[in-house]
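First up is the structure itself, then whatever we jot down about it.
All chains are identified by letter, namely A, B, C and D, in their written order; residue positions are counted from 1 within each chain.
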Amino acid sequence: MQFTSMVLSNAEVSPGYHRMRLTAPPEFAAARAGQFVMVRVGGGIDPLLRRPFGIFDLSTHTPLHDGAVSQPCFEMLYRVVGKGTALLSTLHATDRLDVLGPLGTGFDLGTPGAEKLLVGGGVGLAPLYLLARHLVQQSPVRLFAGGRTRDDILCITEFERLGVECYVATEDGSLGECGLVTEALVSRLEQLEGGAELFACGPHPMLKAVAAIAAYHAIPCQVSLEGYMACGVGACLGCVTPGHGHTAETPDYRCVCKEGPVFPAHELGWEE
Amino acid sequence: MQFTSMVLSNAEVSPGYHRMRLTAPPEFAAARAGQFVMVRVGGGIDPLLRRPFGIFDLSTHTPLHDGAVSQPCFEMLYRVVGKGTALLSTLHATDRLDVLGPLGTGFDLGTPGAEKLLVGGGVGLAPLYLLARHLVQQSPVRLFAGGRTRDDILCITEFERLGVECYVATEDGSLGECGLVTEALVSRLEQLEGGAELFACGPHPMLKAVAAIAAYHAIPCQVSLEGYMACGVGACLGCVTPGHGHTAETPDYRCVCKEGPVFPAHELGWEE
Amino acid sequence: MKPDMTVNLAGLELRNPVMTASGTFGYGREFADYVDLEKIGAFVTKGLSLKPRPGNPTPRIVETPGGMLNAIGLQNVGIEAFIAEKVPFLARVNTPAIVNFFGSTPEEYAELAGRLDEIPQVAGLEVNISCPNVKQGGIVFGTDPACAGQVVAACRRATKKPLIVKLSPNVTDVVVMAQACADAGADALSLINTLTGMAIDLKSRKPVLANITGGLSGPAIKPVALRMVWQVSRAVQVPLIGIGGITSATDALEFILAGASAVQVGTASFITPSASQEIAQGMERWLEEHGVARVSDLVGALEC
Amino acid sequence: MKPDMTVNLAGLELRNPVMTASGTFGYGREFADYVDLEKIGAFVTKGLSLKPRPGNPTPRIVETPGGMLNAIGLQNVGIEAFIAEKVPFLARVNTPAIVNFFGSTPEEYAELAGRLDEIPQVAGLEVNISCPNVKQGGIVFGTDPACAGQVVAACRRATKKPLIVKLSPNVTDVVVMAQACADAGADALSLINTLTGMAIDLKSRKPVLANITGGLSGPAIKPVALRMVWQVSRAVQVPLIGIGGITSATDALEFILAGASAVQVGTASFITPSASQEIAQGMERWLEEHGVARVSDLVGALEC
């Protein structure tokens, strides 16, 4: 679905990170956690391509004036890294944005009851919040949030408000444990008796580590990937990632935008 | 001089025409009527090149707060025709703009005392206002303003406030005489006993007609030209116009941005 | 009165002159939610080869000023899977599907042309000659008139369907290439394919694309594409399909004026999935507003 | 410690690797109010011919997506007026002035090279071979290796000054052209000149440029330029000057990584008159921040 969205708010939530709330058409309410949108920033050729962002949250917006009808809306949590996100960060309420989405395949919610362990690195937390909102209704949920410094640890209060137990680790020790978030994850897994299910989003090395941990403990794990995208709909083959059987001789590429961005970790090739 | 200017105001003065007031450095106060600026619209590659605009007026801006120092400023009167001017029209007070100028060779004020006849077509009035402000101090000044409809007749009140007698003609008769402004000019010239001096800015066919009238009456005439410009400083040779001696065999091109935009009409080639 | 938007292109009857470009529109189905396929003239599918092709490692795309580079590496499902998995969809859409294809020897091209000739759902063929000739030291077919002519002649013998040859812009003289392809039996020429380019990431001191170089497309290349269409249209008799940086009805009409009978929309579909449909509608509106009865009246109508 | 920004380019000692490109910087003086000429490595003057040249009718320029087309038509004052009116300024500036020049026969090129060789204020010559050879049916020198080699050899015999040959990108194989010019005695190669393009005005149904086609420059062409510099640097031994869409220090450093020893800034000077100076400063700052001692350490340092 392609639609024109109105910015409701756009605030810096941590240095370099913004959270933007946008209106959406009614059908958008059916978006699943882990799906994403592609946003056209500016109306011209610079930036040229749309920019992909996860769906941080879905909600309803009721305008303040009398008799106003409430309207679905969604949120994005984004980090300013380049031209497109810099421009995005300058938008204000009432500005318009051209949005394509929801796109891709989101998270599978797994087995109700089984403990859910969410692992997010930096802005990788973005799609995990909507996921947590869905998961807390059926299972205990724990979040492992990692980042370089405390500035990269986002929206933890929101997760806690859902009843999610949060573990924080930063590489410089400025918040939570000092070190990698995967260490906290491993401790938790060692404590756990029954099975747990993993959901991860963040930098590729983190996902690789999480996938290895899941494989070691033989528990289900879904990862949400990034990939340079042009079309977002599976047409250009720009965004592919190697599947588990991938070799130079027997290539096995998966489309991140269509088959993903969420994949069962064991279906992917983690070698490169 | 290249400088960052702050927008003080930017208002639509007639459908499709805007008037923008901008701060300038102290040296800018020395700009002459007929000189122009080149404005960078947006900070990226779209639009890529600067856009040239005449200097409509020069003045001083005194900020409202206590102890504020007053600052030179200038105005542009522009018509929204394409991408650059459309973007320009969306700017607000306190927005910044990158300006290059004053550029080029402006009007020569002519002989004090001799009647000055200013001929402007549409947005061609832009550089004539500053000129009129200078001329009224030494000579009687009349303005002949033409346009397609009354929407193209701009800022006449401002000219009248200077004591300039204004004649208006529109092609559709929606304001002033119905017809071309050059007809009113010819009548006036036929009434005049002593010599008059002509100053014109507007569409090329109008300038050509004015130049012919001046030649017929053997009176001095200066015209301000437009030309597609890249550099604005005489380096790229993009903006040239044929001089009076120009033929395919003995080419004689003048640089509109550097030798112009104002030229004595008799120095130009009017054939093409 | 509604203007006549139909085009007869080398035997293909199109409802309007706007097609989508190969590699930017998948196999048609990917965009079906966003474009009413029956509002465009035709669509061209992703470059096909006999065997499935893996394509290049990633990153495969990068944005550049006013354009993008891609180095997909011609990943595709191969003819067998194409027939099994993609052709059924083509049959369901009432819009001509043109299949873009390539090979690494003239024989492979011909074999594929022959296979495609047998598929009734395939309305026409577009030969991508911007590929290396493995038999001749990897020289790109589309940069050598003799090589290109050989490939086109081989395909011509293998199919009776409309045969479109897609020209590479990475040549000294596109007219010579166009002439060679027309002489060898092309029914129409499409131009341009991407310009070879490169992007570098200063931080890592590496090329951005895993393949190092890639093909430049998008608005940035429009002036080059327009120039080539104009040059070829004055020299060669077969109908042309203009491609390169078309994002609006105005762009498309410029290509028509330059001598193209139809156009293809590529990169623009990434930005606005419905771009091709909107461009067709915009062209129709423009013709109506300007009292042009038939879009074909504008073909090559540039006044120089 | 300040990084070492100096470059020795074919015998030219430059304080830094940033030069301005021919045709975009007049004869140096036009920009003197905006750029501290002594903060850039060198400047290249507008293409010079033996006789004054009128240039083309107007319009001569038009903006395109991410770039611009120009069809100035090589308007210039000719060698006599150059010596009388422009050389005195060159003498006053403590920055090497490189004179870009062209002819319509190899003999004209050689004669001009010889004349320029006698002018002490001229630090080096840049041969523009993107011009038609009137003796050979108007084929552009720079698109035929033999023609190009002939011109370069003729110039080489006529001058002992550093001889830079500026390559055209409108060729199938830029490496072959580069090799031909290097073999014929070029001390350095600069690349790229503009890509041939065209713009059309739909309203008037006419080409925008009076000359119909023009040369595309600006950010849009950067990927093509980078690719060509990289290709040539791997194949040819002489030093290269990278040109094409450079607007920032990052852009310039990308060209250095690709194999250029120096760069030229063209269209960017129109947008920011001080662009060349700012790019030189930005490069120095980047080197300092990244602990690179000498800019020459980065030349061709791309990791592929």
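Methods note: a residue touches a chain if its C-beta (ideal position, glycine included) is under 8 Å from a C-beta of that chain, and two chains touch if they have at least 3 such contacts.
None of these values were measured; they are calculated from a predicted model.
Between A-D and B-D, more C-beta contact pairs join the chains of B-D. Comparing the centres of all chains, each the average of its CA atoms, the largest separation from chain C belongs to B. Centre-to-centre spacing of chain A and chain B amounts to 55 Å, using the average Cα coordinate of each chain.
If you average the Cα atoms of chain A and of chain D, the two centres end up 47 Å apart. Averaging C-alpha coordinates per chain places the centre of chain C 34 Å away from that of chain D. In this assembly, the C-alpha centroid of chain B lies 36 Å from the C-alpha centroid of chain D.
Under the contact definition stated at the top, the residues of chain A that touch 2 or more other chains are 45-46. Chain D has residues 65-67, 218-219 in contact with two or more other chains. Contacts between chains leave no pair untouched here, as each chain touches all the others.
On the side of chain C, the complex with chain A involves touching residues 23-26, 30-31, 33-34, 46, 54-55, 57-63, 65-68, 70, 72, 75, 218-219, 267, 269-274. Against chain C, the residues of chain D that register as touching in their complex are 64-67, 69, 143, 170-173, 195-200, 202, 204-207, 212-213, 216, 218-224, 226-227, 230, 245, 250, 253-254, 257-258, 301-304.
Of all the residues in chain A, the ones that touch chain D in their complex are 45-46. Taken in their complex, chain B has these residues touching chain D: 1-2, 40, 45-50, 100, 227-241, 248, 251, 253, 258, 272.
By the touch criterion given at the top, residues 65-66 of chain C touch chain B in their complex.
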